[in-house]
Amino acid sequence: KRQGFPEVIYGEGKTIEQITAILRAIKAKQNDVLITRVSQDKAEVILESHPELTYHDIAQILSWKAKEKKENKEGFIAIICAGTSDLRIAEEAAITAEVLGSNVRRFYDVGVAGIHRLLDQAQMIQEATASVVVAGMEGALPSVVGGLVSHPVIAVPTSVGYGANFQGLSALLTMLNSCASGISVVNIDNGFGGAYNAVLIDRLAQGKEK
Amino acid sequence: KRQGFPEVIYGEGKTIEQITAILRAIKAKQNDVLITRVSQDKAEVILESHPELTYHDIAQILSWKAKEKKENKEGFIAIICAGTSDLRIAEEAAITAEVLGSNVRRFYDVGVAGIHRLLDQAQMIQEATASVVVAGMEGALPSVVGGLVSHPVIAVPTSVGYGANFQGLSALLTMLNSCASGISVVNIDNGFGGAYNAVLIDRLAQGKEK
Amino acid sequence: KRQGFPEVIYGEGKTIEQITAILRAIKAKQNDVLITRVSQDKAEVILESHPELTYHDIAQILSWKAKEKKENKEGFIAIICAGTSDLRIAEEAAITAEVLGSNVRRFYDVGVAGIHRLLDQAQMIQEATASVVVAGMEGALPSVVGGLVSHPVIAVPTSVGYGANFQGLSALLTMLNSCASGISVVNIDNGFGGAYNAVLIDRLAQGKEK
Amino acid sequence: KRQGFPEVIYGEGKTIEQITAILRAIKAKQNDVLITRVSQDKAEVILESHPELTYHDIAQILSWKAKEKKENKEGFIAIICAGTSDLRIAEEAAITAEVLGSNVRRFYDVGVAGIHRLLDQAQMIQEATASVVVAGMEGALPSVVGGLVSHPVIAVPTSVGYGANFQGLSALLTMLNSCASGISVVNIDNGFGGAYNAVLIDRLAQGKEK
Amino acid sequence: KRQGFPEVIYGEGKTIEQITAILRAIKAKQNDVLITRVSQDKAEVILESHPELTYHDIAQILSWKAKEKKENKEGFIAIICAGTSDLRIAEEAAITAEVLGSNVRRFYDVGVAGIHRLLDQAQMIQEATASVVVAGMEGALPSVVGGLVSHPVIAVPTSVGYGANFQGLSALLTMLNSCASGISVVNIDNGFGGAYNAVLIDRLAQGKEK
Amino acid sequence: KRQGFPEVIYGEGKTIEQITAILRAIKAKQNDVLITRVSQDKAEVILESHPELTYHDIAQILSWKAKEKKENKEGFIAIICAGTSDLRIAEEAAITAEVLGSNVRRFYDVGVAGIHRLLDQAQMIQEATASVVVAGMEGALPSVVGGLVSHPVIAVPTSVGYGANFQGLSALLTMLNSCASGISVVNIDNGFGGAYNAVLIDRLAQGKEK
Amino acid sequence: KRQGFPEVIYGEGKTIEQITAILRAIKAKQNDVLITRVSQDKAEVILESHPELTYHDIAQILSWKAKEKKENKEGFIAIICAGTSDLRIAEEAAITAEVLGSNVRRFYDVGVAGIHRLLDQAQMIQEATASVVVAGMEGALPSVVGGLVSHPVIAVPTSVGYGANFQGLSALLTMLNSCASGISVVNIDNGFGGAYNAVLIDRLAQGKEK
Amino acid sequence: KRQGFPEVIYGEGKTIEQITAILRAIKAKQNDVLITRVSQDKAEVILESHPELTYHDIAQILSWKAKEKKENKEGFIAIICAGTSDLRIAEEAAITAEVLGSNVRRFYDVGVAGIHRLLDQAQMIQEATASVVVAGMEGALPSVVGGLVSHPVIAVPTSVGYGANFQGLSALLTMLNSCASGISVVNIDNGFGGAYNAVLIDRLAQGKEK
C-alpha cells in the first residue's frame, strides 16, 4: 500500500458488521480510514461504536485521520461541477482528496449553459495542480475546463439525468471524446477514483513522490 | 409541398440516370432544385447535361434557383461549428438554408476547447433568428451556444471522431441531454434537416408564414 | 435569462426544503414560477406554505404567474399525442407552454393506428405556429404530422412501452430518422423541452422577438 | 419440404461454382428454383450455363418455374413500400411471393410523410389476404397500414438510412413496438422471409392447406 | 374495429377507476371484453363491481364474452413453450386466442434442451393452422418448431432469464435471425400480439375472412 | 508452454515477413507449428520458402507437425455445425484440434431447422469426449446438442448472418443464455479457442494430464 | 439425466409451494437434490417441512445427498475469486461442484490488483483438473489464471460493479476476449453453470466417464 | 497554448495540401511540430517538401524539434503494452511523449497471460513518474500494472481484437471498471491523448509547472 495513505473501504453492499470488523483491524494499526458509499442510516449505527469517526453526509463518507497532517501547503486540487445534482459525487471527490492529504478548492456552480460563471473562476482554477471535473447530463464541462487550464483534468461522469442519458453513458462518451487535450476519465459516479488520481498528481507536483 | 420551396432530392444511392430523370421533370415545372449528397464525380457528369446547375463541392450539393430571390432582408441563420472536420455538414446546412431562401452567416472556428473564440462572436450570433450548431466528437458546442442565445438552436451531431464516438452516437446523446433550454436535435450528419428547421423558424420570424 | 420568462425549477430529486428555499428567493423578485416534476405528495406540502401556487396534477407542475398576461392572441401551439399513456408528458408540455405565455390547443386522441382521427383534425393543426408531438411505443406520430403541416414540429419521445421499446429508445430513434422534413427532437420524456422550443418559435412568429 | 414449393438457395456468400452445382442437382429433380441475393455479375455467368433461368435485377433473384401454375386466382398479397430506397427489398419480397405461387400487387409510393397517397390505395390494400410492408428510415409505415387493414401484416425493416438509423435497428424497433394489432416482424432486409410468411397465410386463405 | 372482435384494453398503468369507466362504456354496447395485464389485486376490486367478468390469474387477463360462440370447429392454434417460467406469457396468448374466438391447444413442456418431448408432440402440432411459440432465455424453440411444421409460426420472446439475456433481447435476436422459414416475431413479452396474429391467420384458414 | 503443444501464431494482421521470421525461430527448436487466419495469398508466398508446411484452405491455417503422433486412440472430439456458411470456423476448430493431437469427427449438416439430421447422428456424437458446436444466425444448435449429450460442449458463435444478427452478437447471446447445462462459450468466430478448450478436456479424458 | 447427478431446481421465481411439490416428487425417487437461488426466507420455510435438507446461506443453495459419496479422491476443482463482493457466485459454484460429487478448493482473495497473492497460490491451483474463476468489475482474473495453469478454465462474470460495468457486461466481454488460451465463459452470475462444466471435466479426468 | 509545447496537428482526414499549408504557417513561427495519424504514403510526399521532418512509421507520426532539448533528466514515462498488435498505438504514445519533451522507456512484451515477464520489469516500471498502458482484446493490463505501481496510470484501450471486442469497447469497459486505484482512461486508440496526460504529470513531477 502507498505509504501515508489511509485504508480505503468501499462501503456499498457491506453490512454494518462487516464494516465494524474491518474498522477494528485497522484501528489496531493506528491507520487513517476512508469509507465511501455509507448511507446515513448505516453511518449512524457505526458512529455509536466508533464516535471518533467523522461522517460527511453529502459525500456519504466516514473518515478518521490519526493526526491532522499539515502538508501540501502550496498546491490544491480544484473540484468542479455545475450544481446541486452532481453534488454527491463532487463531495465524494472533495472529501476523498482531503482525507488523502491534499488541499481542495470547490467550484460548484459553473455549468456550460452559463459559461460566464466558469470564466469568472478560470484564473483561480488555473492555479490548481489538477482538476476533478464532475458532470452528468451531457457531460460537456471537462471539455471547456480542459481548454482553459494547462494541468491534468480528471473527468468524472455522473449518472444524473434521464432518458437518452442512459444512466451516465451520455456523459461518459462525451468525456472520452473530448477534443480538448489533457483530459482522462474514470468510471461513472466514481468521485473517489477521480480524486485518487488527482492526489497522486498533486503529490508529484509537491515533490513528495518520484 | 410548401409554397416557394425548391424540389429537394436526396442524392445518396441514386444513379446519375435517376437524378437526371427527376431533374427533367422538375425543370419542366420551372421549379427551384436542391440535390444533396452528390459526389464530385457524379456532379461533373450531371453538370454536362445541366450546366445551369451550381455545384457546391464542400457541401456536396447541386442547386438551381429560377430567379435570385431578394427576401429575408433583415434576419439571418447562424451556422456554427468548431472547425474543418465538421465542414461538410456545416456547409450542407448553409447551402440548404440559402437555397431555401434565408440569409446565412457562418461561424466556423468556435469550438468548446477554445471558448474565447466563441465568446468573441457571441454578440453577433445572438442577432440570428435561429442557430444551426454542427458538432462531432463530444458534441458539446450546442450546450454552450444555447446558454448564450435566446433564439431556437438546432443541434446537428456529426459522425466525425473515432473509438468511443461510435459514429456520432456520442455527439447525438450529448445534444439530447443538453442542460441548456431551447435546443432540439436532428439525425447524425443531417445538415439538411438542421437547416430546414431553421428556415421554417426564420420564415415565421420574418412574418412570411403564420 | 430570457426577458419575460418565469424562473424554471427542475423539481426531480429536489427536497421540499430545497424547493421552498428557491421559491422564497424568486418571490422576493416578483418573478413568475414554473416547477416541473413535482409529485402530488411534495406539491401538497409546498402548497401549504405557498397557497398562491397552482398544482397541475397530470403534468406534475407547480406554477405561479405574477399577472395573467394577455398576449399571443393570434397564434397557438398544437400539443399532439395518441392517448392516455402519453398524457403526463403531453400535459408537461402544454402547461409549460401556457405558463411561458403561449396559447395552446390539445389534440390528444390522434394515434397512427387510427389515422382518420388525425386527418379529421389536420386542418386545425395546420393553423398552429408550431406543433409539439408526444409519442411513446413506436413513436411514428411526428412523421405523419410532419407530412401534414408546414410549420416546425418538435418531437418528444416518451418512455411509454415495454420490451424492445428499451425505455423510449425506440421512439427516440424513430423520430431522429423521420423521413418528413421540419422535425427536430428533444430528450425522452422531455415535455418541458419540447414546449420551450415551441414557445421560442411561437414568440418569433408573433413578432415579439428578433 | 413443403409440397409444391421451389428449392430455395440463399445466394449470398456462395460462389458461382457452388450455385451451379446445387442447380444441377435440383434440375435433375424437375423442381422449381428460387435463388436470392445474386448480384448482376454472378447472375450473368450463371445464366450462360442455365439460360432457362430468369434474373430479376432489382430483386437480385434468379428463378425458374417448371410450369406456369395458374392458382390462387382470387386472393393476392399486397407488397407495400414508400419509394425507391426500399425497392430492392420490396422486389425481393414480390418476386419471392410470385415464384412461391401467390398473386402479388405492388404499392410502391405510399410513405407516411405523404399519408394521402396511402389512403387513396387503402381500399384496394384491404382486399389482400396479407400485406408485406417494407420500410427503412423510421419504419413507421406498418403501423399506419396495420390500422387500415384487418388482415395480417408482415413488417420488413430495411437498413436504408444513416446515422441514428444504425443499419436498420431504428426501423426494426419501430415495428416491434407498433401500437397497431396484427403486425409481426422479420429480420432487417429479409424481404424473402416477409414474403414466405405471407404466402403461407395466403395459401391458408385459399383453402389449399389445413 | 374488426367485426366480431372484443374490445381490447391494455390494463398496464391504468387505474381501477379508468378501467371501470371504460368497462361501463363497452358494456353499454353489449360488446365482448378483453383486458390484459391486470394484477390479481386490481382484478379483485374490478370483479366486485363487474362479477360477470372472468379473471385468468396466470394470464393476468379479465374477459367477458356476450355469448359463447361455437365457431372455428375444425382448426386450432398451438401455443407452445418450454415450461413454467414462460407460463404467464403463454397463457396471455392462449386466453387471448380463446376470447378472440379460436380453438387453442397448449404444448407447455417442450424445450429445446429436451428435444424428444417436442418431437413426441410434433405430429399434433403440425395439425394447427398457426403456432405461437413463447420462449425466454436463449429463445431457440421457434427455430426448431419452424423446421417441423409448415404453417406460420409467430414467435414471442420473453424477458425471462438473467445476465446476458438483457431482459429478453437475447431471445428476440435469436428469433429474428432464425434460419427456419415461416417465422415472424412480435415484441418481448407480447403474448397478446402473438395470439392476435395467429387468430387473424386462423380465421383466414377457416374461410371466415377474405 | 504446455508440453507437447505446437507453437501457435495468430496470423491476422501479421505481414509475411513477420510470420516467416517467427517460423525460422520456431523451426530451429524443432517445434510443431500452427498458424491461424492466413489468407490463401499470404500462404502461397510463405509456402515457397517453407514448403514443408501444409495449408488448409477452408480453415485458413498453415501447420507443420515434427512427427505424426499416434496418440488419443480411443477418444475423439465432435465438431458440429449446420452447413456451408459456418464451414470456415468449423474447419478452424477441426484442424486446430488435429494439429494439437486429438482425433476429430465432423458433423457438418445438422442444423436446428432440420432437427432429424442431428438426431440421426446423436448416438455417435454422444461417444465424443467433448463437442465443439459452431453456429451463426440464431446460434441455437449448442442448446439442442447440450440436451442430447453428457460431455462438455464448447459453443462457438459465428458472425454469419445479417441485420439483427449484429455480427454474431445474436448467436453469442443465445449460447450464453442456453437453458441446457454443460455449455460454455468462446468469442465470436473463435474456432481456434473452441478447439483448444476441447483438446484440454480430451487430454484429461485420455488420462494424459492431471 | 446424467447418471449419478442430483436433480437440479432453479429456485428463482418459484414459490415455496412449487419447490416443495417438486421436492416431494424427487424424494420419492431417493434422488439427490440441488436447489439454487433460494433466499434465506424461503429456505427457512422449506426447511421446516424438509429438515433433512442443508441450506448454504452465502451460496443460497438448498441441497440433500442420499449418501455421502467418497469419490474423486485425487483431483479437485479450484474455485477462484478476488474477494467478498463475488462470494455469493463463487459459493454457488463451490457448493454446486461439491453436491455434484467433486472435491473443491477455494482461493478467495486473489484479485489482479494484488497479483502476488495469486502467484503465491499458483502452484496449488495448477494441481486442479479445472478452475472456475469468478470475477466482477473488470473481470480480468481469468486471463491471468489462464496464463498460469494448463487445465481448462471456466470463467464466470458477475454483475458486481457500477456505472460502465453495465450489470456485468464489462466482465463478460473481458472474458470472451481473453488473450489467454483455454478459457471458456458462461452467463453473468451463473456460478451453477461454471461449476457444472468443471464437474463434467473433473469426472472425465477421474476416468469415470468416457 | 501550453508554453514550450509543439504545435499538434491531427492528420487523419487532412489532405497533403492542408497539412503542408499548416506546416508553412507553423515553421514561420519556429515552433516544434507533431503531426499524428499520417500514413506512409502521405508522409513521403510531405517529406519531399519538408525534408527536415522525421517520419516515425510505426507511430505514423511526423515531427520536428527546433532544437534538441535536454531536460527531464531524471524522470521518465513508462509506455507499456503486451505485444505487436498494440504497437502502433504504443508508439503513437511514445513518440508523442518524446516530442513533447519527456524521457520514455518502452515495456512492450508484458501481457497479462504471461504475468512473469511483467513482474520481471515491475521494479523498473515503478521508477516512472507515470505509466501509459496500452491494451486491446480484454484490456486487463492496466489493472495489473495499477496494482504494482504507486504513480498515475493512464490506460489506453485499443481497437485490436475481433468479435465480442466490438472495436475496442471491451478493453474500454475493462479499464473504466478497474478495481485498482490510480487509473484513468482515454478514448480507444488515443495513444496521443494517453501520452499528453502523462507528459503533463511528468512535468509537474519535474517541478517545471505549478
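For reference, chains read A, B, C, D, E, F, G and H in written order, and residue numbers begin at 1 within each chain.
Simple rule for what comes next: a contact is a pair of C-beta atoms (placed from the backbone, for glycine too) under 8 Å apart; a residue touches a chain by one contact, two chains touch by 3 or more.
Please read these numbers as outputs of a predicted model, since none were measured by experiment.
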Worksheet item: In the chain contact graph, what is the shortest path length, in steps, from chain A to chain D?
Response: 2
Practice prompt. Using the contact definition stated above, find the chains touching both chain E and chain G.
Written response: F
Worksheet entry | Each chain counted as touching chain D and chain F at once | E
Practice prompt. State the chain with the largest centre-to-centre distance from chain F, centres being mean CA positions.
Written response: C
Item to complete: Could you tell me the distance, in whole angstrom, between the mean C-alpha positions of chain C and chain F?
Response: 58
Discussion item. Using Cα averages as centroids, what's the distance between chain C and chain H in whole Å?
Written reply: 48
Fill in: Rounded Å distance between chain B and chain C, as computed from the means of their C-alpha atoms
27
Item to complete: Report, in whole Å, the distance between the mean C-alpha point of chain C and the mean C-alpha point of chain G.
Response: 52
Worksheet item: Touching two or more other chains, which residues of chain C qualify?
Response: 163-165, 169, 172, 176-177, 181, 187-188
Fill in: Listing of all chain pairs that touch each other, if any do
A-B, A-C, A-G, A-H, B-C, B-D, B-H, C-D, C-E, D-E, D-F, E-F, E-G, F-G, F-H, G-H
Discussion item. Residue numbers of chain H touching chain B in their complex, please.
Written reply: 12-14, 18, 157, 159, 167-169, 172, 187-190
Item to complete: Quick one: which bits of chain A touch chain H in the complex? Just the residue numbers, please.
Response: 2, 8, 75, 127, 129, 150-152, 154, 172, 176-177, 181-188, 193-194, 196-197, 200-201, 204-205, 207, 209-210
Worksheet, complete the sentence: In the complex, chain A touches chain C at residues 84-85, 160, 162-165
Item to complete: Please name which positions on chain A make contact with chain B in the complex.
Response: 82, 111-115, 119, 137-140, 143-144, 146-148, 161, 163-166, 169-171, 173-181
